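Read the structure below first, then the notes.
The letters A, B, C, D and E name the chains in turn, as written, and every chain counts its residues from 1.
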Amino acid sequence: MEFEAPVIDWAVLSPVLVVLAAGVVGVLIEAFVPDRVRRAVQVVLTLAALVGSVVAVALLWDRVATDGFAFVVNGTFLLTPFTLGIQAVVAVLAILGVLVIADRTRTGDDAFAPTAAAVPGTTYEDAAREAGLQQTEIYPLVLFATGGMLLFPATDNLIVLFIALEVLSLPLYVLCATARRRRLLSQEAAFKYFLLGSFASAIMLFGIALVYGFAGTVSLETALFRMAQPGGPILELMPALVIAGVLLITVGLLFKIGAAPFHMWTPDVYQGAPTPITGFMAACVKAAAVGALVRVVFTLSLGLDEELRRNLEVGLWAVAILTMLVGTVAGAVQTDVKRLLAYSSIAHAGFLTVAFVGFSETGAQAVLFYVLAYGLATLGAFAVVTLVREQDADGVVLGEATHLSHWAGLARRAPWLAAAFSLFLLSMAGIPLTAGFIAKFGVFSAAVVAGAWPLAVVGVLASAVAVFFYVRLIVLMVLTPPAEDAEGAQDAEVATEGQDAPDLAADGAGSSAAAGRTLAPARTLRRAPVVVLSSRGFATVAIVICAVGVVLLGVVPQLALDWAGQAASFRPVQP
Amino acid sequence: MNPYVPVLVLMGIAAVLALGGVAASAVIGPKRYNRAKLDAYECGIEPTPLAMGGGRLPIKYYLVAMTFIVFDIEVVFLYPWAVDFVVLAGFGLAAMVIFLALITVPFVYEWRRGGFDWV
Amino acid sequence: MIPGVAADFSADTIVTSIVKAVLVVVFLLTSVLFAIWFERKVVARMQVRPGPNWHGPKGLLQSLADAMKLLLKEDLTVTRADRVTYLLAPMISVFCALLVFAVIPFGPSVTIPFTDYSTPAQLTDFPVATLYVLACASIGVYGIVLGGWSSGSTYPLLGAVRSTAQVISYELAMGLSLVSVFIMAGSMSTSSIVESQTNLWWFLPLAPAFVVYVISMVGETNRLPFDLPEAEGELVSGYMTEYSSMKFAWFFLAEYIAMINVSAVAVTLFLGGWRAPWPLSVIGDGVLNTGWWPVLWFLAKVWLLMFFFVWVRGTLLRLRYDQFMVFGWKVLIPFALGWLVALATFQWLGLAGVTRTQMFVAIAAVALLAAVIVWLLPERKSPDRSPDDGGDGRFDAFAGGYPVPPLPGQSLPPSPRARRTVPPAPPESSGSPADVDAEETR
Amino acid sequence: MSSFPWLTALVVWPLVAALATVLTGAGRGRPASGAASGGGAFSAGSARTVALVGSLVQVALLVGAFGAFDTSTAGTHQLTETYAWIPALGASYAVGVDGVSLLLVALSVGLVPLVILAAWREQGGDHVRLRRYLATVLVLLSFMVVVFAARDVFLFYVVFEAMLIPAYFLIGGFGQGAQRRYAAVKFLLFSLAGGLVMLAAVVALYLQVPVDPATGLRPEDAFLTENLTGLALDPTAERLMFAAFFLAFAIKAPMFPVHTWLPDVTQNATPGTSTLLICVLDKVGTFGMLTLCLPLFPQASRWAAPAIIVLAVISILYGAILAIGQTDVLRLIGYTSVSHFGFIILGIFTFTSLGISGASFMMLNHGISTGALFLLAGFTIARHPRRSQQIADYGGMRKVAPVLGGTFLVAGLSALALPGLATFVSEIMVFLGAYARWPAAVLVAVPAVVLAAVYVLLTYQRMFTGEVGAEVVGAKDLDVREKTVAGVLVAALVVLGLVPGPALDYVREPAGVSVEHVGETDPEPVLGALEGSEQ
Amino acid sequence: MDLVNYLYLASILFALGATTVLLRRNAIVVFMGIELMLNATNLALVTFARMHGDITGQVLAFFVMVVAAAEVVVGLAIIVTIFRARRSASVDDVNLLKS
């Protein structure tokens, strides 16, 4: 028996390896670094690793762009410009996500439970909180998840695809359960995510098994090549086998991007998970999963015959339409801001699907730009959510104020924050001069190019509905007076606002704000139920970057479009 | 002959024996009903209700179970490698050492964090 | 011939298999009867008392009498038991225990007396025979777990859980120690492994692995000093507390068969299997390694190990549960891992053409260097988790930044639920199993 | 001539001014939130001065632009600037004005200082709010300049949609009506819905541009209007695209039946906002019909013209009739605009030089006259202790505030197109133009003139004549600031009414170009008739 | 024996697992359903490997086992946490998020 050791081009693997290695180091840090400095070390390491990944992608860029691809061991790891593009997006978004995750507001707490394993509401948990413990394990977990995301779109090997899926999912399941507040809700979210996620991955795995059964290989391209060339080692049951397999794989991927009808987990999980994680998940997972889906679907489209290809297209049409409708219609009736954003993310999954129904490079370009634009806006939006908190009568800051009614009049408490949030919402709505507009333009162009203009029309209509719920939220923040104002015009707003929102613009509608001010001290000090916390820097940086990014991508998108155009090329099926 | 057939034969005999023994004692043995005899044993006091199912065990046991799974998988991967050690040679060794190192990392983590400290 | 298997079963038919299988079962059952007597007798000798001496010559029939008694006892099923599982558990135990011997070679190819029919003295063998052994042993644990769980009683449940934790902990070390044998033998087939020990039994070059195996085999079989799942003083009888009659007998039987099993595996993998020991093996150019002689050597080795079991039982005290687990996880496993890496490296160097002498010189150099470094390093006392540290008895649940259980010498704060105070126990007994149980039952 | 980028300057300067406005006194306003009325050299209070100066500088820039514009070739785009913006999408930053655009730019630039002046004491004396309000107005001004000067469909669309956001805040955030939020959302949703439908058409249009065979890509300036004009389009596709564009513009230029957001907005926004919104921003709708629908989709325009004419006539009558029934003065003015926009659309879809130049001229006139109405109504309302907008709450204002009464009357008369005022000229041109092609439409629409007289005079009568209303007895007449605002507007109306020639020079030639684009010819030489109609 | 029968068995097991996931309410049972699905896949993989005379399928089965193990660890951790918090492992009881 001869064994030939494979030659591994480590450089090609570097974007993924950097992140995963840092995750491993992070675990060791957990083991050995004293807890005082652990958080600082972890944050630095995590950010460094992600930056390193971005750098690695940049270094690889020219090479991959020139050659069209780079791979390791028969496509086990396969970089195309598109893949690299997705990796870049994921890594950049992950950096921003980590910034939000690492943020501690002025309360000194981050969003994570001091000991995630403790039973909620026990003295043990209280003791942990009082001891100022922190679950710094989240950083390695985030790194592992990111590593999985980087790997997810970058393989031709179906089993690696599956493993990447798990590597990205498993840490997320755990991360979902680590919220500091609303522990039960958080654990429940993790639980649901876990059950449904594993279910979907099991389905996908079975699909992979079927494809393997058909082709005798797990290389997607080879499998399709075999399909196109009868006479290979094809089982006689086939090609039903491979069609079922492909279908199941697609279902698994659609689940991950949260496309209807596999979207049910999204609102629950997004709502229950700690908000920074939700942001990270919403932005990065979607980017990675869409990357993988595009890769798989495009490869399929190259290998399938005309009829099957049409069927696939029809299926994607149905998914896209359903997803857009579900996302926008259900989103319109939500009363919780996180759920609302979750439904928005479902709708965006639909728009993304619109982009690649035609299997064109234009579509891939649109996808790349879209995930970047969407990711920035989503991350920013969730980052803002982390800063808007409830407080009790004594001014103790509680969990996030996610109910929409709490967001009324936010612009008065924190005009800049509200402005940023509005900007993100506008971008998601696709208003011109924001990134979202260019993104949607690209998506609909791609659809029309591919002859799917009815889809583009549905997309446009769905956008119109979606605008409604984004605008509703903006109205609430900017135009609706805060709840206490609504009750009585002279309510003691000032007592609350003093420290948090000094730049408060008193409402001049009829009543004299000055009167309210003089009355305030005389009343019992009533605190508003909602408070906007100032960040300790990280989240602010993330929000600012997201906002600047959204605007830049909206006003001068050329650079990003060029980049996406350069990246949106696919290697043809190898003969 | 398939080498697994003898195993099946042995299994059959073992099953017959296992079942037969219990059946035999059930048939031969005396039957004298006594409620106290059928109670759970607890040093003569009334048995704790809900020992089964509702009983909660220290979290350490779960921890051990989870750690075990990680290591068991490791061992499973070691066996084929060990058998083909000579063939795989340096590459196999390097891969396996990396693999072992990666497995050791969580092990070290758990150790440091007191995962193996009973009491 | 099956590729990768040394023994040749090509002549075997289904009839041969049935005969062999029956022989294996008979062998096991009689061995157990003998083993029980053997154990009682040896322990008695160690304790300077006669031991069983009433039934049969030297009390040899004592075990048979016990078995008969158990068969005639009332077959109880406790009211709170989960009936099906409760019934199934002992059967699983004994069933799995009986299966292991399917792949153990009693000897090489033997000729059936009065015929010229030649067949290996082994039921069967296949390329992953050792894996099969491990699988059977693992499934056997289900018997214990389910038995304890389905009894619907506290002690059995605790016994079952402990047993699971224990078995899986020691199984890892055992599995790791076997890997070195596979590396050396290049096969997992039992007959091939025995074949590979023609010149050198593996227990010598693989002494560390052998030691690990021997320790973990004792742990795996729940024998003293590791008999915590049934620890009489703590858990009455552990998982078998609620069992009686033949169901109890099956557990009992399974335990003894397990001892024979692990001994047989040890013999096969490390002690040359059926091969004659050195001075004998050279007699007559290895004539003692042919024919029926090897069965004798095999049995002798197995009973040597059985004696070891009994010896240990008669000598050592039961470990405290925490010590036991810590020993498994913090000593055996890392040691086995380290050994494995070292062995693999040396083997690879050997393949790469480095001579033994060079290797030994290198090892010596490294060892010397390590010794010097250790000597030079300032002695530093581990700051945390030293038993002496918590001398003041105050319990800080988050010493060192993460949640920790109370150290020996510290006491838990009074439990508000029980409205009773755990008296601050003296250091050596505060972590006693009784306390653990108190913890467990909460 | 085009050495100086006048248009870009006109775009950028308001943004600078907005920034300056928002930063003025920002440092001081902060610690004592809202208590910035205390003054100081750079208090929030002086922000309005900054804004005013900024807008006046803008006027100066506008004058420069006029100077650089060559009237003799008003039909072609001048002062053009073209820079690649998003080559990947074929979009460029391309601006340039022909006569019509220049007039509309002038309208927006000219109205803003007046709006700023009018808003001097608005927002309840809260200077921080006022500062933000004025800054938003200036931002909107920048957008308006771009949208009128855009020569690139993509640029046009982007700004067309982006304008909604400041407009939305102007209505919802700074409005005075109780239902301002509702109105703002209604406005936004209507406009966005139209805009998104238009987006689909924009995408579709882009894809009609032939691909460069060499590169496989579409040209980097594919979205330039000149590149999109004259494409050979599939008739069905053309009609669909036309419909999408037209829908967006019809919503914007409130046309029956998609006008319903308008009265709500005018009722709830401040008069200044309404001025900008109705008088300038909504002109984008009619402007778009004129400069995009007609040249880009000539066949479809001709195909749809009859239906549009019908809707336009309905708008004219419907707006006028409903205006009569209104009790809220601002709402009433809103409805009059529906009527007037009907005239403009009617004029555009006559496809005659006369009609189109009349419509173009009317866009300017209507802006001035309705602006005057809104602002003067605002002054009137400001004199009411409860700031009531109900017509019934007033009475005899003429006696307490004669200047206000007089200017209001002039503005009102201009709304009913009294000869001698600018609106008369344009309305007559529209009628003449329409008569040449759609005589029936004219016959049906003419009664609207009578209706206009009814609603204008009735309102004037109820508010300004008769017994002095109990609540407005102590009202003062216009002060200098208000007089300036009113005076400028009234003067413009009169001047343009008496000497329309120079202004018409700007619209005549573009109108001819438009007719040419549609592929029609003028039914008869009517330019002579125009001269005759001018009294 | 015809190897295709193994495929049928795998499919049936997979369907059983999926049905369990969809119908049963106890978290642990649902979880076991998922495991059953994974193991059915393993069976299919190994069968296919046999059919193709190719070792890849068996290797894949190893990978699947690893992943399944990791899933078990994570899943059990989550389920145990939830169970400890509310003393119930029923999916139906976990409904705070339904809104």
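One rule holds in what follows: a residue touches a chain if its C-beta (ideal position, glycine included) is under 8 Å from a C-beta of that chain, and two chains touch if they have at least 3 such contacts.
Given the structure is predicted, the values throughout are model-derived calculations rather than measurements.
Participant: Give me the set of chains touching chain B intersected with the set touching chain E.
Facilitator: A chain counts here if it touches both chain B and chain E, which gives A.
Participant: Based on mean C-alpha positions, which chain is nearest the centroid of every protein C-alpha shown?
Facilitator: Answer for the innermost chain: A.
Participant: Of every pair of chains, which is linked by the largest number of C-beta contacts?
Facilitator: B-C
Participant: Sort the other chains by how far their Cα centres are from that of chain A and give me the top one.
Facilitator: Following the centroid criterion, the farthest chain would be C.
Participant: So, comparing C-alpha centroids, which chain is the farthest one from chain E?
Facilitator: Ranked by distance of C-alpha centres from chain E, the top chain is D.
Participant: Report the inter-centroid distance (CA atoms only) between chain A and chain B in whole Å.
Facilitator: Result: the chain centres lie 40 Å from each other.
Participant: Please report how many Å separate the Cα centroid of chain C from that of chain E, as a whole number.
Facilitator: The separation of the two C-alpha centroids amounts to 31 Å.
Participant: Measuring centre to centre with CA averages, how many angstrom lie between chain A and chain C?
Facilitator: 50
Participant: How many angstrom lie between the centres of chain B and chain D, each centre taken as the mean Cα position?
Facilitator: Chain B and chain D have C-alpha centres separated by 81 Å.
Participant: Please output the residue numbers of chain C that touch at least 2 other chains, ranges allowed.
Facilitator: Touching at least two other chains: 402-403.
Participant: At which residue positions does chain E touch at least two other chains?
Facilitator: Where chain E meets two or more other chains at a single residue, that happens at 70, 77, 84.
Participant: Quick check on chain B: which residues sit in contact with 2+ other chains?
Facilitator: As it turns out, chain B has residues touching two or more other chains at 56, 59, 65, 72, 84, 89-90, 111, 113.
Participant: Where on chain C does chain B make contact in their complex?
Facilitator: So the residues of chain C in touch with chain B come to 2, 5, 9, 12-14, 17-18, 20-22, 24-25, 70-80, 82, 87, 90-92, 94-95, 98-99, 101-102, 123-126, 131-132, 149-155, 157, 161, 164-165, 168-169, 171-172, 175-176, 179-180, 182-183, 186-188, 236, 241-242, 245-247, 249-250, 321-322, 325-326, 329-330, 333-334, 337, 340-341, 344-345, 347-348, 351-352, 385, 402-408, 431, 436, 439-442.
Participant: Give the list of chain D residues in touch with chain A in this complex.
Facilitator: Contact set of chain D toward chain A: 29-31, 33-35, 84-89, 123-126, 128-129, 132, 157-162, 164-165, 169, 172-173, 180-181, 184-185, 188-189, 192-193, 196-197, 199-200, 202-204, 206-207.
Participant: Of all residues in chain E, which touch chain A in the complex?
Facilitator: Residue positions touching the partner: 4, 7, 10, 14, 17-18, 21, 27, 30-31, 34, 37-38, 40-41, 44-45, 47-48, 51-52, 54, 56-57, 60, 63-64, 67, 70-71, 74-75, 77-79, 81-82, 84-86, 91, 94-99.
Participant: Once bound in the complex, which stretches of chain B touch chain A?
Facilitator: Those in contact with chain A are residues 59, 84, 87-92, 102, 105-106, 108-109, 111-113.
Participant: Mind listing the chain E positions that touch chain B in their complex?
Facilitator: Chain E reaches chain B through residues 62, 65-66, 69-70, 72-73, 76-77, 80, 84, 87.
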